[in-house]
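Chains here go by letter, A, B, C and D, matching the order in which they are written, and residues are numbered from 1 within each.
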């Protein structure tokens, strides 16, 4: 398995560049018998799609996904599921300007160093466009996890630049362009983004994702711990710079007596662990937080060098997201779904024989 | 590859429990011709070893590692390297008390749920004792990386509970029990720890690790990005709750114009990226920060349940680290070494043909 | 990596069914900088294509492969290469007859047992149609191996039913529909096949594949031996029932003094080993032989059962190859190319540092 | 996973050389709750052990295996199982003679070319001694497969040099040094071997292995077909040169009407398929046949070269098996067990949800 695949039993292999004819992927190892239609995937793709609001990239992609295999008479067959999304709105014309320079904060320089060649059009393989396939594949995992295990995965914007945001009502996160779960803050965010766009600058964001209804037992110590695989999956999203589970960096200042989550016959008393103990899910909610850096593509000029090592100035004029973190919510949800799905299948591979007679703890008492 | 292996070309497979006869591992895929002796591994093992100071667990393990294969006449042969460390100072006698209860903050409950059985002695497989083998294997990677590529990996304690610590002089981190790189703070830390131990409580810690001299080009987009694999490796250390690369969560509040690192003919101007762009090393220093939760084993009582789901109180009397983060420094270094080593070999597998005629940027201008 | 991927560094992940809209695949890990065009793949696809002669299936597929990613300005970029071949000539109309029965010698019964559901149209995923993608991916590997290492891979028909065939002139194998490397026998084969088709029956075949110019050193003992991986790859071709390396089953009756290949300063004296010793290539030609069973789809009736377990008779009327072994030659070549390519990259991952100052043996003295 | 690991869920990683202190391995992914003691492994190790009769190598190894982890209170815990076998009877003294030469038919030359260094003592890593760990790991798989699924695996010698042998009574194969399942032929084999030893030469052998009671559904098309993985595992045994499934190379001359196995409500009528259709087990017996070449280590001299490329003569004086195929029976059984075990776990990972309401065919009518 090379770098463009993720998972061990439920495996996504992805391909495609920002300005090629299409992006696509193969989902191998999906359990058979799952009812699946293209619309199941389309729902999440819509949530990630650019061009929906003035606050994200103005590239207009219909992002229609086609299922090319692995589904027969409306059900998965156990054969690999081929996915394809045509690229429609590539505007390649103006990439001549950045062809010869390395844009700071981008992968231009590192791709050139690694491969000796790079598709500079729209970032090529390093474009966030690639994440559409993750979202499509994640939707398959989500459907299985929800239907079979009752697992629900929800993400929301937890901070926009300097503005921390609470999850007042998770069900409202999809009602606005920011995935903000506090409806009272949406107007403020709109104003902030409008101001930001005018300034020509960008900001970072924090995205939280939660999974509810995860059964205890997922995760393989010691290296494929559930938290390790979640951290890897999240840090593998474009622009991610940090990942926390549960109390995260806050646990550095905690005392042990504060941090550890007491257990009672009817559940855990709190959830500093973020639903994972010893690398294995505990049945509590899985709590993940991810930091996304601000977009580096700005119309504000910046010092850089060209491919010959000469000092030049870089100015970006294309269509870019002033806050990539906004559209990261469905991507982070998809990554969590992919990891949970793979670990559920791995878990039953090894441990199907285990009769956990009584789960002493029904779930969690903690309000998250 | 199941959960106890890490890496793709340079692979560590580990085994062993806290109170079994031994822990061990297999390092497969090591390049041949590397001069290697048990002493090369022992150096790092000493730094991780319990019982060295009053601030860590009083379990006294000599932690002598034996190389059982893969080395011939002082050099690696390319065959798998078998590693073995005998467990010497197991005190199994008093585990009867915790046999039937689930200690909060520990893996007792989740192992029981996953496997239906658990070796409760000293945490069994979930004990941090397992990390000794990571340190031994990491030492092999470090020796190769240092000798062949000039890569140096250094870690230090960046925060102890409420006390943030600077890396004033990295070379001093090994001179004290805290891996503190600011000699002027050591007395303060000793006092803090003495006080903490008296209180019966524990604290969390933040550990920073840096790699210098990493060539550009390591990391495989999109899922095996270098930062993704580092994040997975770090979060896979016992008690880790958060991982940052470069500016980390700080980048949430940064503007794009602040965050992106300008490039000049003689190097990058700063290093918010933490040495990784688009998932590929840039030649700058790799900067990683890891949060460790406080130990959950305390003599302060805590509510919990027993294996029958009945409410009981847990009190821990064994030999434990009041701050697991202290001994995490060599472990985090080892994990970074394992990831870099694997990615270096993966890189040359795919990209050996690339003649990167001129690396326009010699390294980094940033002071880290 | 699940069952539809092969390789570790150079990885093909494949998808698609006989009667779906398309078949496709992802080739990940290809070295960058390789000149590659769709025509490079098309050449081998033509050799495998059905409907070219009266001796193979009459399904008429243009088998035009499209490269969807990973190639920029005529060169591979190191990004995954997406491949797609549209299915054009599906005739699904008459599959209702076999929908409810298990055809003996086919995968109908086992797919149903494994997955609880099956795409019965044209064999679905178990159709040999899937191998077109292997041939396309293999062509990428062949181009690299030939251009960079001078490795040439040639296959030919070594036996058609009762008729053993010699490789008189390998270069003639492509001149006839049988991949027969003895031009003097072609008329005889045509007559045999015409007779066979009239009888309504089918026969098995033996296919030999050779790789010349393979450098010594490929193969990873002990489980990823080169011969082990070749055997797995060949037995993974539809209808394969046996694999031999070098002297193969003939070595059972050989004496050791007969079998072992003496070495002289100018080369090996013979090649019973088939170019592999201890699981590692020796620099001699790699010699592989594969047995293919006769097609089970016949218009001659056969006892079988339906999906309810009731006895019925099966008669196949579709378009089938009376000897699947004929079209297996380019497939076997492709599989050998994929294995060699992957092992070449694996080899340089681990062993790039090895300076094999003098290869004492320039190649092989043996006539193969 | 590098070359010294096999399996995906149930994974064996092995290490050790013929003349190092020990050989060992790690079995990861074993289901928890399996009763397991060292004696369970020892039984099969005894069957493979050298020095038991005058017909095999006279090296005297007690081959006592120790379980170092993963078993607690007599049951597997799901944690990796560390295995260790000390090397006791190494006679390293006389290897100086072969230190500088490449023995024909051995891995000396290829290891040197690949790694630039080799442990020449007793063949180092390429020694068949390594297979003891496969047998130990295989015994774990066998115990699980037998106890939980009723799968029985039996091997026997099917041909010794020119002497074909029938499986008259499989239960007698363990009663003699040849794993001959026809008691009436044992005296003949003894005479043959005595004569052979006197001549200083060696012969090849054919070993058959069967698995009974395998449920339908194991194997992952298309590349991880059950037959593909079995072929890879068998060809990965030292000295193997050929592998057949079911009718094997015999199917080349078969007609389709002869080869395909008719199905009746009470079972398959014959078993040319060898229990595998479309890469998936059918519920019939799995039938595998493996060709082993004759030992190349002879006291008869042979032309070769030394490490400087100079012509020399090689004569082997050590303790060697005149027919390596004899001791290959328990090894081939172990490899089959490892593959079946891994595929059983993989199968339930993906397909546990499938309710195969009625298996229409209870098993096989064929006498094998």
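We adopt the following convention: contacts are C-beta pairs under 8 Å (C-beta built on N, C-alpha and C of every residue); 3 or more make two chains touch, one makes a residue touch a chain.
These figures come from a predicted structure and were not determined experimentally.
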| item | value |
| --- | --- |
| Chain whose mean Cα position lies farthest from subunit B | C |
| Contact-richer chain pair (by C-beta pairs counted) among A-B and A-C | A-B |
| Rounded Å distance between subunit B and subunit C, as computed from the means of their C-alpha atoms | 45 |
| Whole-Å gap between the CA centroids of subunit A and subunit C | 38 |
| For subunit A paired with subunit B, centre-to-centre distance based on mean C-alpha positions, whole Å | 25 |
| Junction residues of subunit B, two or more chains touched | 1-5, 8-9, 14, 29, 32-33, 78-79, 114-116, 125, 221, 346, 350-351, 354 |
| In the complex, subunit A residues that touch subunit C | 1-5, 7-11, 13-17, 20-26, 28-29, 32-33, 66, 68-70, 72, 75, 77-82, 84, 114-119, 124-125 |
| Of subunit A, residues touching subunit D in the complex | 8-9, 29-33, 78-79, 148, 221, 345-346, 348-354 |
| Subunit C partner contacts - residues on subunit D that touch it in the complex | 1-6, 8, 14, 102, 104-107, 109-116, 125-126, 130, 159, 161-162, 201-206, 216-225, 227-236, 238, 240-265, 269, 272-274, 276-283, 291-298, 300, 302-305, 307-311, 325, 346-347, 350-351, 354-356, 358-361 |
